[in-house]
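Here come two complexes built around subunit A, the first alongside subunit B, the second alongside subunit C.
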Partner chain A sequence: MLKKRNKIKQFFLLIILILTALSGCGEFKDIDKDVFVSMIGIDLSDDPEKPYKVTLKLYVPTSSFKQSPKPEYTYLTKNGKTLTEAIRILETHSDKEIDFGHSKLIVIGEELLNANKSKEIMDFLLRRPDIQMISWLAIGRPSAEEIIKMVPQSETAAYPALFNYFDHNGTDSPYIVTTYLFDFRRKMLETGIDPILPLIEINKEEEHFEVNKSYVLAHDKKPHELSSLDTLIFNMMTRNLDVADLVINEDNQHFIAKIDNINSKYKVKVDAQHQVKLNIDIELFGYISESKDTISNQQLPQYSKMVEAETREKFSDFFIKMLNVGYDPIGFGLAYKSKTLHNKRMSPNEWNEAYKNSKVNIKVMAGIKSTGSIQ
Partner chain B sequence: MSRYYYYLVLINMIANVIASVPAILLHFHDDGAVSAMIVSVVAGSTLVFFFTRFFTHFPGMTLPELLQKTTAKWFYNPFILVLAITWFIAGMITLITYTFLLIRYLTPEMPIIQISLTILLAVILGCLMKTDRVFYTIEIILLLTVPLIILIFIKAYTNENLRWEFVKEAALYFNQFPNLNAFSACFFLYLGSANLIIFNRFFKNKQNFGVKQITLIVAISIMTLFTTYFIPIGFNGVEGIEKLVYPWITTSDSLRMKFSLIERVLFIFLLFYLGIAFLSILIHWHVSIELLKYVFNFEKFKFKGFKFGVFLPIPFYIGVSLYFVRQLNEYQLFRLSGIFYNILIIFFPMMLILFFFIKRRMKNVKKAEQN
Partner chain C sequence: MSSEEILLWIKEQFKNTTELTQKTLDYDNKHALLFYVKSLIDQESLQKLIIKPFFEMANENQFKAYLIALPQFQKVESKEQAVSEVTNGNTLIVIQHDLYLIDLQLATNNQVSTTSVETTIHGSNIALSENLMTNINLIRTYYHQASLSIEYFTKGEVNQQKIAIIYDKELVNTKALEIIKQKLQQLDQQVISASTELNNYLNDKRFSLFPQMLMTERPDRIVYNIAGGKIALILDGNAQALIAPAVFFDFMTTMEDNYHTLFISLFVRILRYAGLFVSLLLPGLYVGITSFAPEVFRTELALTVAGSRIGVPFSSFVEVLFMLFFMELLLEASIRLPKAVSATATTVGGLILGSAVTEAALASNIMVIIVSAVAISTFVIPVNELAFTIRIVRLILLLITSVFGLAGLTLGLYGLIMYLVYLDSFGEPYLRLFNYQKAKKSSEGQA
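This part shows the complex of A and B:
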């Protein structure tokens, strides 16, 4: 018994000896020696030698919330031949280690978008292991730098207001597109679906952001801007939206239908001659939220008809526009590929041609269930 | 069958997610990976069935003991040595893969030797334990990690960003000729039951292994294979998927738990898989060290009555692992695991032939004992 206890003592002594060897963690950096990036902005600079302009928004560390109830940031900006070069020089501008692991938003300037450099940017963002694949990607107008440097009045400390737009946690407007970095990557590489990015604009006078438009883009193609209405239609087609407002202006009737239930489906049919048919099926249910004239309960079926006609028109406008520019943000090409054996598929070029000449068939079923609280 | 047996099978299946298996499979996504998976389900479960059936005939006996009874010394000594080396390499590949993951994603500032040493020390202490204790360790760690790993999988399946169209597109490559490399990578998932060559020591009672048990294993394996292959595709698309070095790491980074303590699932995933990787290395190296005990007579190394023989292979294990951790790059590791898996698909069916002979000779041995 005694012998055993001795052995245990010896064992613990040994462990303590080993533990002393662990004391110096020379490689580890304390948290106060790190500075965290909250957003990354990438712009096109004026200097053709150094085309990239990187802007970083950094959280200023404070010891307590009471000390600084207002948000505080510092900004670093640098031009560079490559993105890494710019960041490497930025690291000499800060006394602390720059940590990208907490950055949640990447803003790309509108000019850079048109400069056709998406490949290089994407490569940088994806290759770095510390940049989150779940960071949001957006386009800034007029430039990423201005978007990043603006702090709106509604901003609270520690959580930038801009994040709330994409979080689906604060505002959940049907006009906002949310694109994660991994989503952008897969859509960029895949033929048959094109990535879509939200566009952030600034309202200078009132100091707030406006996010209700978007951009569709592809390799070697001019990016195409989607208006607010087109963005709404895109969201109605792809996201499980809960709410949408439709302005109806027909037969001297002017009212706004508040849709609270949307079901949208699409099917791609291809016949032997490679003629593509896009069958789109939309179901809308809702009530009337605003009207210029009095509205009668008995006429609800007529109102539904009007909503159907109006919606069909708007949707077909959207799809004709998309077909004309050859963009496919919804992913009809992908839907086609997911139903056709790989050796029987059209080549990407063949598909693009067929897609442009496809017939769009829109079926809308609207049900206006109520006139709201008054008739 | 005892539940401990399923742990062996299960760990090999779950652990493959962080090994090179998904990378190999996705590399051949347009070259016969899907059909290889289907073929491997049949081949793999056949192997599991015969392997396990063989060992249920000899409760509590390890393969080296059976070999010593039935074959000549010139055969069984080198053969057991080869087995020990195989199991050592299997563990080492997991170790190196996981070390690479840690340095790339979790602790980029730590020296690579230090990372691998921390894992190595824990594993070495573990694999010197007795077989039953190893099993108890496995059970505790599995109980802690597997529910959370399953939670991550469920989160992945229910995520709105998982596009089933990509999955369907990839699945439609099923009509190709199976790819050999992809097949051998899938086949590796089924080799968990091969650990019985040592772990059978624990199953002293007669075990029952029939249709019910093999159906369960086949069901689990199909689910694991499906998850391993199609979830990364659902998140990252089909085209360009072969460019991902660690498909599952990228996939777990594409998951977001909005209201969780840690939003980025990647870190949770890495942490839980640290447990699984530890278990996988532990099992493989335990088998390896136990096999070595049959080849070399460690008992004779004594110093003042203290038997230090068991510790002799340890410096060798650590040294070789550290050497390869420093020497290999990602591509070489990928190739090495590919070649290793390819060798195994020849090696294990051959062992079945050997088992056939052992079974026949054991009958004679038993008869001789009765007389």
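This part shows the complex of A and C:
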């Protein structure tokens, strides 16, 4: 009995020891003494001594969104030699503790992107524990600060409009790519695949954002901008898109095919001479959603042919562009690596050379099922 | 010892009271002496069963035979027994040096009441009465087995209450039965006035938090548990029975679970366990999340909570403690108050205090919602004993969380589960799905 009681005492002592060793998540701090960051913007400043310009968008808490439905933010901006320095100074500009836990979007200015400082930025974002790895990463044009400081008309309190572009809950356009911080880092470190980041632009007159372009980037390489069409093709290759529109303008026929089912596959084949062959297989199914001329149901096979030809052309344009600049956002290199034994594999440099000279084989199968609902 | 001596001794015992009535019947060479406590016996039956026949009988011998033939007849074995039976409502009759005890007890507490604590929509609504014999009668009418055994103990040095142990001889968990009997024999208390007291007395531990016996007022629950091999204890003069051994999950079931269809009872059970966790964890979670890890909230919620705390003078855990304190006061008050006043108390306490507290910015709006949610979910726990325990455990978890954050809450919950695993109820592990029958079958080969 006595022994048992002693054991219980020891157990509680142990628990208390373990508990005191835990610090929880930081110190006890009431929630109203925190200020939550909604977005982080990082730009290149004019001052060469302090190259980083950090802009933080902070939420202003309200007790009831019904009483104040208008979004309210405050902004903090500071230049710094390093990002940490800038943020440390920013902390003295705010009366409350700056909490990055709710920051969902990190915008990097276009200029900074071209200044080849991605390594330092990544390092900061990844090391700081309260920056969530599931934050979205995007490029801001003309600068991150302008993107962050704009509040469009349609915005509601507590949920910035910009988030709706990336969370797949609001708009789900095929022109938008979404990249998480953890995913970006993986692709940055991995050979054989290059990360892609969405580009946010501002329409000044109408006060709204435009997100339909993107950037592919890699270490020590000039970032390459993808146009809207290229972004769409990238999405068609990598995401299981539900909808895409293809404009067909050929032989006096002008119509738009609305594709509602896309299957894309690719295979990387390498022969003994290190000649890379990229076999790309695309299946498109859909209907005609808009046309300038009369369209006949009997001619559906011909329309399908036109869609096939058009698609093949656009896809091969995209891949030729990618091969020329040496970027691989789809991940052909990774597919090759994963399917070849390590002792038979080309080195990353060899692969990069071979990739630039690879042959692209595009096979398109299109099925236009109807001419739309107008009979 | 002769009957005269016994009589003298009995008179000696009742010397200082006027309670004992002595009546002499004398007619036609027939003599009888009656001793009884007037307030305890049914005078009508006394007249009908004893006095009237006495005058009709031919001689004393016939009357003696008649008395022995009465179903209420009891043999006198010792003088102590005679005294105790007289105080239990027996009438002592003396005819020619022979002593007879006739049970003419008048019980005013043998009315079967309707359930008031464990109310259900389906099923029987009869609760135990406060009379032991009526209760045993109730149980026997629900349980027709010859193997149903009842053993009586008289406990309480001063008030000498009868305790009945009821079990099915064929099905009973013998180990638990032995422990209970042994502990009952060792029981040394001056006064035992409620069966739930036994919960403390039969428990070796000085500090016990979780109840180890299940309190119930429903005969159907008693019958159900006896059929499951458990043991029921009923104290005379109490409308509550205790069932042992009880495991944690027993406290989370109602009899209605068996009366509903599968999906309904599954749904209700899920609801009940959700309620248990809400009432246990919600105050701790509020403190842990708002003060240690606001990332866990959705952004909108974090901002609303932060906004509603503007102007609140206390830290989050003081705020929670403050509101919980008032909630507990309200709960306690509504138990003690007469029914007519308790409605006013809840209105004043719940509605007026709740809105006034937020108006005065003593607590945030969200806090009032949390406290009400906690209060409601506490009521979902079907057995009252456990609900009381949960109220205390909740405070402990809240304190741990206030110091160590969410990690502390998680560890505290682990600690609680460890404690429950460590507990046992009369030899049965506390945190186990109770299925004694299965265990018995599987151990038959080994024994």
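Simple rule for what comes next: the second predicted complex is superposed on the first by the 347 of 375 C-alpha atoms of A that agree within 3 Å, B and C clash if a C-alpha of one lies under 4 Å from a C-alpha of the other, contacts with A are read in each partner's own complex, and residues count from 1 in each chain.
Note that in this section a contact is a pair of C-beta atoms (placed from the backbone, for glycine too) under 8 Å apart; a residue touches a chain by one contact, two chains touch by 3 or more.
As the structure is a computational prediction, the values presented were derived from the model and not from experiment.
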Subunit B versus subunit C as contact partner of A:132, first or second or both or neither: both
Touched partner set for A:207, first subunit B, second subunit C, both or neither: neither
Which superposed partner A:183 touches (first subunit B, second subunit C, both, neither): first
Touching partner for A:290 - first (subunit B), second (subunit C), both, neither: neither
Partner chain in contact with A:172 - subunit B first, subunit C second, else both or neither: neither
Partner chain(s) touched by A:158 [first = subunit B, second = subunit C, both, neither]: second
Partner chain(s) touched by A:30 [first = subunit B, second = subunit C, both, neither]: second
First (subunit B), second (subunit C), both or neither touched by A:15: second
Partner chain(s) touched by A:46 [first = subunit B, second = subunit C, both, neither]: neither
Subunit A positions touched by subunit B in one structure and by subunit C in the second: 28-29, 130, 132
Of subunit A, residues touching subunit B in the complex: 27-29, 129-130, 132-134, 167, 169, 180, 182-183, 185-187, 189-191, 240, 331, 334-335, 337-343
Subunit A contact footprint on subunit C (complex, rising order): 288, 290-295, 299-300, 302-310, 312, 315-316, 364-365, 400, 402-408, 411, 415
Footprint of subunit A on subunit B - complex, ascending: 30, 104-105, 108-111, 114, 160-161, 163-169, 172-173, 175, 235-240, 250, 253-256, 258, 263-264, 266
Subunit C-touching residues of subunit A, taken from the complex the two chains share: 15, 18-20, 22-26, 28-32, 34, 36, 38, 59, 61-65, 99, 101-102, 104, 130, 132, 158-159
